[in-house]
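Per-chain numbering from 1; labels A, B, C and D assigned in written order.
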Amino acid sequence: MMRAVVVHAPRDLRIEEITVADPGPGEVRVRLAAGGICGSDLHYYQDGGFGTVRIKEPMIVGHEAAGVVAAVGAGVTSVKVGDKIAINPSKPCGQCHFCRTGEHQHCSDMRFFGSAMRFPHMQGIFRDEMVIDAAQAIPVGQDTPLEEAAFAEPLSVALHAVTQAGSLIGKRVLVTGTGTIGCLVVLAAHHAGAGEITATDISDPALAIAKTVGADRTLNVMSDPQALAAYNADKGYFDVIFECSGNGRVLAGLPDIVKPRGVITLIGIGGESALPVSVLVVKEIALRGSFRFDSEFAWAADLLARRAVDVRPLLTGIFPLERAVEAFDLAGDRSRSMKVQLSFNP
Amino acid sequence: MMRAVVVHAPRDLRIEEITVADPGPGEVRVRLAAGGICGSDLHYYQDGGFGTVRIKEPMIVGHEAAGVVAAVGAGVTSVKVGDKIAINPSKPCGQCHFCRTGEHQHCSDMRFFGSAMRFPHMQGIFRDEMVIDAAQAIPVGQDTPLEEAAFAEPLSVALHAVTQAGSLIGKRVLVTGTGTIGCLVVLAAHHAGAGEITATDISDPALAIAKTVGADRTLNVMSDPQALAAYNADKGYFDVIFECSGNGRVLAGLPDIVKPRGVITLIGIGGESALPVSVLVVKEIALRGSFRFDSEFAWAADLLARRAVDVRPLLTGIFPLERAVEAFDLAGDRSRSMKVQLSFNP
Amino acid sequence: MMRAVVVHAPRDLRIEEITVADPGPGEVRVRLAAGGICGSDLHYYQDGGFGTVRIKEPMIVGHEAAGVVAAVGAGVTSVKVGDKIAINPSKPCGQCHFCRTGEHQHCSDMRFFGSAMRFPHMQGIFRDEMVIDAAQAIPVGQDTPLEEAAFAEPLSVALHAVTQAGSLIGKRVLVTGTGTIGCLVVLAAHHAGAGEITATDISDPALAIAKTVGADRTLNVMSDPQALAAYNADKGYFDVIFECSGNGRVLAGLPDIVKPRGVITLIGIGGESALPVSVLVVKEIALRGSFRFDSEFAWAADLLARRAVDVRPLLTGIFPLERAVEAFDLAGDRSRSMKVQLSFNP
Amino acid sequence: MMRAVVVHAPRDLRIEEITVADPGPGEVRVRLAAGGICGSDLHYYQDGGFGTVRIKEPMIVGHEAAGVVAAVGAGVTSVKVGDKIAINPSKPCGQCHFCRTGEHQHCSDMRFFGSAMRFPHMQGIFRDEMVIDAAQAIPVGQDTPLEEAAFAEPLSVALHAVTQAGSLIGKRVLVTGTGTIGCLVVLAAHHAGAGEITATDISDPALAIAKTVGADRTLNVMSDPQALAAYNADKGYFDVIFECSGNGRVLAGLPDIVKPRGVITLIGIGGESALPVSVLVVKEIALRGSFRFDSEFAWAADLLARRAVDVRPLLTGIFPLERAVEAFDLAGDRSRSMKVQLSFNP
């Protein structure tokens, strides 16, 4: 019996039986092991979506997961039965202008697992088994714990962000917001040779984890709202800032503390922010968005396979699939959790 | 008798007698010929300043000008008496961190003619004669009309902005706001090989000038507020946008019409702008400020000396020094003027 | 009766009858008008190939051409019968690693008209009619003379080279070798806002054409072998050099006359060059190859359609197809020709 | 009694008495502790110089060293007596074109300790005490062993090279030549997040040290001359190559094994290299020199102070000043040594 985690409406999350087909040519069937709950999964569960993206039919959630190849279709040579893999949830069309110029993350016809952007929705990954394209099954080596491999997707997001900011080696880096993505950006920036990493958040446990994965200095901007104020001396302190809080007011304060010609990379998707245009101009600041990932997925899988980066401090809980509601509720409580995962096929 | 244009208070602009010293070692005395009225000069005249920068003592205004070398001090070899020159109004300290790393426009101790940022204020250029460092006297060749040479400073600002945006060759460019700087950005972008240039403004005469200096398409966003709306199709149309209006609401609409991974360069110094952060993120847009100029001044002087660019369509009036009030009033009326100049030493 | 220009062996160029099929789905049949003879065409004619690329079966030569759409296959919407087009001779596979990352010029399975790199050879363009993919038929507007449109391919090569070198605006540029590609690089660099362009060659007529399309200064390095020697003062004079001669000895002298941190772009495909490594190191020079083109083809077609650049000075002769041998012999004599074209379907 | 290591002629290295002045305004007197013997020191000792740089008067050698501040002149605030410092041997003029544009390593009037490029020569660092500008005394913290701090200069060279190559995070890196600089490049590339580092040399002990500081794979190209041959498959394997051997024949083979659009950074200063120009063109390879360092010195000092990188595996011997000849002979024997240091003031 195959099961899946299906959102029907806000706060209506059900475990349901599904059937899984045999893999066709170029496809593989994956037996899932670990799946991480992401912010967008929480939005579907708590609010039925975000912005204009809304659940219009029952949808299996989840897009961060790892498992084992259970069957391969005709012509598949990249993986074989028994291989441990991470699932790349994104499948760009390969035909549009953006795909042809190597910017697949901007594909005009993207198919992304567990997303209600399209209708019918793209069903997600939180289930015992599923059939995917072989190209989306990325080997992670047989020695890698699958709960670590399930970090490949969010780690890709962090690596993409770090890549957008140019070389970090020796730079003074600030990361605002140390949720899962913020902590992974800290980890990636540390891996990229950042000279010094400062991290801010409003949660001490989150900041403690940020320290474990590479932050040299952590500041709780709830308990000390002026913690960043002194960094505006001499026209600003930081070379590169990664805004991961998605909070427009946090962003509005960053131009004052970045150096002239410094870079502010935006990863957190907030609404609006009232930016001080004259500061951006006078200090020639570069503000740059970073969205999803592209070739970084294979790279993330390789880093995890070699444990060249260690994501284990981020994993604060694993729940069996049947306790999905409990897992989602914990994942929604930042004071008690960082990354919460579901386990499948016990 | 030497005269100067001195601002004492809002709307209190006087023609006053001054004395001019002999040039010391490394200095030259310049006999001014033409001086352009800039937006900041207008702010001092109309409002006594802008933001926190306020007139606290009488100040000679003006920082765009050209003239002829009247005397040279000991050791000066770069120019000789009789040479036509443009005056570079900026004098970075050469010692601070920013100067040492080649970013002189961010000098911590900048001296800029006709600016109330420091106190005592840096006295300006609108006068019959003045003594400057020889390094600030940039030869423009003897065949260049000095009213054209007086465009060297604002042209430098435009060249610096164009340089910040990377190569424009073949790109689809939008310039919002076709005041003097906007028109010079159009001219510079055309010179830089832009594939297609669109310009917007609320003044038809200003747009007509933009067309003369290189715009392929002009849009009056006052008479047709939806003129730019159609450019948001297929995730956006423009590769590079130069925001020269200084209007926060104009800026807020630009992320929708720039392409994914496109660049928005900010030159207009507005107050705040409520930017749609999620669009910046999802389209991975780069927003980048551009401030003043550095090595671009010599380059601007050379372009003007060779008339490799033609700034004459921008010059809408020349008034003798004694009619400075009339000239400032005209310069403040965008419906009737683009660049208004004063002439000295008739 | 359809005719084609076929190379069988060195100096064995024949006009032969061919048949042309109807266009299949997604294809168009083109009635050729003008075709330019390129250096590689000459190598096939004079030597039977170059390096390891050799004629192993009769091959229709030619890859620079323009014509009119004569018939369209099912599903073609980008062009219609009667449209004037330039033919993009390159067809990357779209599937390999290089295509997926937007670097189509490095495609592992490239199909390029008139090339003996593959076997069977890719037949070329010098014929009365041919069937091509609709995607390779690039409209040039109905007002564009087709002999100008036939420059789209070599102009693309020049635009790609200019793009590789970064922004040229205001820079001191040197172009060594003013054959067709060198002259088009001069023209493209001028279009890109180069501050000053110097060109060298051993042929005065070629240099005269370079001057017509944008060179500010030309130097005949045959009549004055020391013409470039003085440019090594103060560690070097040029910001950017485009090496278009393909002569290793020319290249070996360039590090001495480029500025510290300057760029030498290689377009000419020579054999070996004994480069002074210590000069490259001590001056931190960047040497960078430029190969073929990618998205620059559509851009070149657009520039030609608007006559934003004027290639007419380069066209030194047009011969009807039946006089192909005469045309090839003239094209092979640099002292008498720049670009020689064939005309089809009189 | 103060002593110094003075080269008079090839193989004529003497320990001589010197006097040391009091520090003037802005200067400090340093009591040296550790000094590393570099390749150029060896050239002066073995051959009396290199290329056109020749010993024309007795010269104290040495430019890599660390010590303790013994006295400070008037106005010095950056360091105080007792501070541990690394000595930055380079003093750019601050006035020339290159200094003004932030490219101090290309200073037209550079003063570099222990160099015969100028005459009179710039005396070097291998002595008990010396007076230097305070700006050249870079604090390393009081907990840093001074033999590690003496690596600041060669580490700066490696950091500068790594910076020239752009972001290394996730890239496949090759380092050819694992002398001191090659090993430090391995260490710096590892610190910069390189995905995989391969190192080659002809000495197994040197390769063993490279492995200790970050190489994932080492290849002895003496015992297996074909070790790199297989890396030319699929147009090449490496994203970035650092050429540290200074061997022209090694360089000539690199274009075949770097990827299309890959980067070859040259650090080793060889004579000439017969480069395959057509491969550079067809693969659009970037070759780029890297020379000395600039702001990287302070960064290197900081990394050593925090032991963020560990240079200790490179240190193969420390000799007291009076055994300098023995130390130089050992340093000249690559089979037995990597970095050999002198110690002062026992």
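Basically, a residue touches a chain if its C-beta (ideal position, glycine included) is under 8 Å from a C-beta of that chain, and two chains touch if they have at least 3 such contacts.
As the structure is a prediction and not an experimental result, all values here were calculated from the model.
Across the two interfaces under comparison, B-C and A-B, the one joined by more C-beta contacts turns out to be A-B. Distance from the chain A centre to the chain B centre is 44 Å, each centre being the mean of its Cα atoms. Averaged C-alpha coordinates give centres for chain B and chain C that are 41 Å from one another.
In chain B, the positions touching at least two other chains are 103. Taken pairwise by the contact criterion, the protein chains are fully connected, each one touching every other. Chain D makes touch with chain C in their complex at residues 51, 97-98, 103, 105-106, 108, 164, 234-235, 246, 248, 251, 260-261, 266-278, 280-291.
Residue ranges of chain C in contact with chain B, taken from their complex: 159, 162-163, 166-170, 188, 191-193, 195, 296, 299, 302-303. Those residues of chain A whose C-beta lies close enough to touch chain C in the complex are 94, 99-104, 295.
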